[in-house]
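Consider the two complexes below, in which subunit A is the common component and subunit B and subunit C are the respective partners.
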Partner chain A sequence: MSALDTVTAVVRGRHRRALRRRAMLGLLAVLIVAGFLVTLTSGRTYYPLSDVLDVVLGETVPGASFTVGELRLPRAVLAVLSGFCFGLGGVTFQTMLRNALASPDIIGITYGASAAAVFAIVTLDLSETGVSAFAIVAALAVALLIYLLSFRDGVVGTRLILIGIGIAAMLNSVVSYLLSQAGQWDLQEATRWLAGSLNNATWEQVVPVAAAAVVLTPVLLAQARNLTMLELGDDTAAALGIRLERTRLIVIVGAVGLIAFATAATGPIAFVAFLAGPIAARLFGAGGILLLPAALVGALLVLVADFVGQFAFGTRYPVGVITGVLGAPYLIYLIVRSNRSGGSL
Partner chain B sequence: MTTDHSLTVENLVLGYKDRDVIESLDLVVPPGKITAIVGPNACGKSTLLRSMTRLLAPRAGHVLLDGEEVHRIPPKELARTLGLLPQSPIAPEGITVADLVSRGRHPHQRVLARWSREDDRAVAAALDATHTAELADRSVDELSGGQRQRVWIAMALAQQTDLLLLDEPTTFLDVSHQVEVLDLLTDLNHARGTTIVMVLHDLNMAARYADHLIALAAGRLHAAGEPAEVLTEECVRAVFGLESRVILDPTSGKPLMLPLGRYHVSAPADS
Partner chain C sequence: MTSVTTDAETPDAAFVRRPAPVRTFWIVLAVAALAAAVFASVAIGSRHVGLTDIWRALLGHEDTLNEAAVTKRIPRTILAVVVGAALAMAGAVMQGVTRNPLADPGILGVNMGAALAIVVGITMFGLSSVTSYVWVALVGAGLSAVFVYTVGSLGRGGATPLKLALAGTATTVAFVSLIRAFILPRGDVSGVFLSWEIGGVGGASFGSLRQVAPFLIVGFVVALAVARPLNSLALGDELATGLGERVAVTRAFAAIGAVLLCAGSVAAAGPIIFVGLVAPHVCRLVVGLDHRWLLPFSAVLGAVLLTVADVLGRVVARPDEIDVGILAALVGAPFFIYIVRKQKVREL
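And now, the complex of A and B:
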């Protein structure tokens, strides 16, 4: 190929990838909007789209105002927002540590929130806001602990993952102990929270998650390119001009913040943070920046899983049960595959 | 274009934890030339390269690029002058050649700036120079070892640095791919005047391709200079603890080292 041909080919290839990316992002956005509208109109009672729009615009429609405005709308908004946060936080960790297993719901950060929330419910008898605040602080503290424990001349991905899994196991036993001590009423509330659920979604729950997403998403997106350089290994990333520890710190705080706020509102919706990144990588192809794609995949995942959990079966299942059923086989697949290729993790 | 840059090491001490790996090292990298660093395992070759790209801070002494402390130069600015290809770089799963090579443009891009015409030209030139243009849309995972190494070199070329450091660029490659990679680096040196510093295991390849040879032993400089001066039987004995014969390579006129083990040697060393 002559030099000019190569330039043309490079430009064409870049445009092709950009086009595919935009098309896929557009498709995901359309699916989210469509899913959003379906969950608003359908359910035990059907309300036509015009009624739904009237309610959204603040008009009073008998019946629909309550069902759509007070029940379905905050629930759908919380589904999209929490899914967005889980997806974005999860893929950030996975990219930074170059390992799909490095998702916050596997390495113990989400467990930190769970243990704190159960403690707040069972032992301290806190209100809903208190439980959320407790969960957020605990998630950040556990993330810090894992980071410090695995720090030795910088952070190595596999060491952090193994320490995280260990901490997750410890926190899990803390949760079991607390549950065994819980009274009847607290037990119900705690287990509902642990399953990850959008039942009883209210606007009061939506606000903090929305605020976290608005503040932290730009922080992470601004680091997106640095983050993809980290994927090439620390030495290469440094040679390309990345400040390793600073990038890691910003990114960890941002991702943990998103995960913590979302978990505080909905409970740990199983495996969304873990699944969104790999699904986005399949859809968008590796090599690009997967932050926004994974965030949209997460949003769609929670929205659809919640709708399926509510209406696809005879009984209503919390959303975490549905995503758990989807995620567990993938986790097994990942472990089996890395065993086969001889990798340690 | 690179002859205006100087890379020097003064009184350098490097180490990890409680162990010093490099003790009081002084070096000058000749600009516009190919330098090869040789020495036994664990003599501090890779450590030295890492400190030259600010991956490792010196315990004492200085690494100076154009007279300025490398560790004081802002990372992105340094990355526009000095590139490094580490020994085992990691390719993200499924990434295409074009995407990987494009990442070499990172130091030239601002946070929110769009991809420029200049970036496209640099990537295309890097692909052409390494004969990887036909592989552009392939996934890096599918490539052979030799192809993959050319792609990594392409990424380093896209970075368009005047100095390029490579840590054992030929390890794990068969002999034809070793020659291919070293020829490629020589092309680069001749065409653009890029200063090349590489750690090599193979003494004969180092002697053949390098203009300047640096022999390290146990964290100290043993000898530095033209291959004919450095690669001698005494040097091999002192640095590697190995008896050898060094003859003139009839194909290149450079020194050629023949190791003398305990077996299969019919002519004794003292001919």
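And now, the complex of A and C:
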């Protein structure tokens, strides 16, 4: 009898958690749509929702067609997409390496893209598309390099993180050197890119990010179950029949791809990849699969931060500065908390 | 939890203590290398000078362009030597105190703490002289050292290399983004800061040297004074206490010495990463683990490293210069990776 009670309690609890998860996901989605609409309607000039909807549906509305269709719409779409990619890529790394601090912006992968982009801007004088392509290739190459360098009888998470830190420090000094050599104009462009910004968002930038999200998101979601096994520790995961290196490689390529495409379009928006996972863990309770929640949190984060950066202050701050300033104290708080509790998300 | 065993923790007897003649030989060799590096630093630059010019300039003449060029190189050389020695010794002390092979003022975020403090000082309080930089940097370096170490040693297992390195890096990232937010609205400051941040000894003068000298001297003295207690600390806290060592006092003094050294060198030359990591490790290989030998030898080797890096920076991209901080990072990072690979790191 009591065994039956326990079973019903467990079933009920599972049911309740699933409900809560669905409700939270729904809430996040609603918030994103609402934020999306707000950024489309308001700004320097206000356009009513009906005008905005007309523009989205492809009709010509004087004034709104340009402001909304050419400026606000690509910007908002890029914000959502890049936030989605950052969040998903970041939480994948955090889950795989079982450490909230091991997000791509801390272990060197984003630095790879940054260094390449600055090199392309300052030294090679490439066009915008060229810079993006270069940054994507470099992020993948740096991730591969970190992976290979930490390979010794398999890759151990700890070693991967530490080697990533070393690579990050090196690339950081490359960026400093390139900036010190840059002319005034290039310097401005490079710093703007480094700060992470959605200014000058165009449809041409949106397309590759969207493609990456569409292709890579299912890949990562399909690996979600294996990823949770990895979270139990390498030995346990192997005992449960997970092919460690294969899973790890697929997951790394997928996550780095997302991060690289998003970074190439917007620059490294500080801390989004890092923050999305822990925030999602707070909202959804640790233990569940956090991939989709973190992706939505990331999207919402970038959308809101960009809006705040544009209109809340006298100067227009790029979105990366806003997320950076908000993220830094939270990061410090999180280090304290995660170290005290002894580890992962 | 991470458990990292370095080769240094399970050493064979010969490794711990090299015979005195061997150590003396290496010290002499290092000092000779330092002399050579110093000579090269004075002699080599974008302007070619002859031996007589160097000699006359050293005697205080400044009549010809060549002699003037050499005179300009003297404070810069001294600064490279002093900063290299300070960083290396700070690194050695930090590695001893934290018993952590990856400790380095740059990795642990101490340098960036000083940098953030200086930026806040410049933007909010209008600081402009090196003296005020030092005081502010001292506060920043001290606070961030305490912070990173506290954070890194929370939780099970104490201050493991992984936790310390991550806490340091994360703190650095957080500080960098705060720095960016501080200087973004201030175009005038950003140029000054950018050149300082890269870390260089090019702008050295005797005036700025004199400002940081007291801090560095006290730092050197304190660090050397804790050399012997550090040896006991290496045995672990319990054993050191059993041997009659006052562990907390030793830790505190060692930290004060390291912070003074870091803050002084950061204020004078900007945040330079990895020198404090590389020099002590190389020294451990040649003179063993005794801190009484290790600390001075690290200082000499650090001075050699930074001076050579400075000279290289002048030669590689003639007539341009590559700042010493950049070269140090480029050389140091592979070494860092090498140490990480060499360790027997178990999975989390």
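A few notes on this one:
Quick note on the criterion: the second predicted complex is superposed on the first by the 332 of 345 C-alpha atoms of A that agree within 3 Å, B and C clash if a C-alpha of one lies under 4 Å from a C-alpha of the other, contacts with A are read in each partner's own complex, and residues count from 1 in each chain.
Here, a contact is a pair of C-beta atoms (placed from the backbone, for glycine too) under 8 Å apart; a residue touches a chain by one contact, two chains touch by 3 or more.
Just so it is clear, the structure is predicted and the values come from calculations on it, not from any experiment.
When both complexes are superposed on subunit A, subunit B and subunit C end up sitting side by side without clashing. Put subunit B and subunit C next to each other and count what each touches on subunit A; the higher total goes to C.
In the superposition on chain A, A:T315 makes contact with subunit C only, not with subunit B. Look at A:G285: by the touch rule set out above, it reaches subunit B but stays clear of subunit C.
Of the two partner chains placed around the shared chain by superposition, subunit B is the only one that A:A239 touches, whereas subunit C remains out of contact.
By the touch criterion stated above, A:I167 is placed in contact with subunit C alone, subunit B being left untouched. Once the two complexes are laid over each other on the shared chain, residue contacts for A:V10 go to subunit B alone; subunit C is not touched.
When the shared chain is aligned, no partner comes close enough to touch A:G130: not subunit B, not subunit C.
With both structures placed on the common chain, the touch criterion links A:V336 to subunit C but leaves subunit B unconnected. Seen from the C-alpha centre of subunit A, the directions to the centres of subunit B and subunit C diverge by 80°, a value given as a multiple of 10 for the model superposed on chain A.
Of the two partner chains placed by the overlay, only subunit B lies in contact with A:T228; subunit C stays clear of it. Smallest inter-chain Cα distance, subunit B versus subunit C, after superposition on the shared chain: 8 Å. Looking at subunit A, you'll find residues 98, 233-235 touch subunit B in one structure and subunit C in the other.
Looking at the complex, you find that subunit A touches subunit B at residues 1, 3, 6-7, 9-11, 13-14, 17, 98, 153, 222, 225, 228-229, 231-236, 238-243, 281, 285-288. Remark: subunit A residues 97-99, 101-102, 105-106, 149-150, 152, 156-159, 161-163, 165-170, 172-174, 176-177, 179-181, 195, 233-235, 270-271, 315, 317, 321, 324-325, 327-329, 331-332, 335-336, 339-343 touch subunit C in the complex.
The touching residues of subunit C, when paired with subunit A in their complex, are 1-2, 4, 102, 106-107, 151-152, 154-156, 161-163, 165-167, 169-171, 173-175, 177-178, 180-181, 184-185, 194-195, 197-198, 273-274, 320, 322-323, 325-326, 328-330, 332-334, 336-337, 340-341, 343, 345-348.
The touching residues of subunit B, when paired with subunit A in their complex, are 16, 50, 53-55, 75-80, 82-86, 88-96, 98-100, 102-104, 106-107, 109, 111, 115, 120-121, 123-125, 127-128, 133-134, 136-137, 159.
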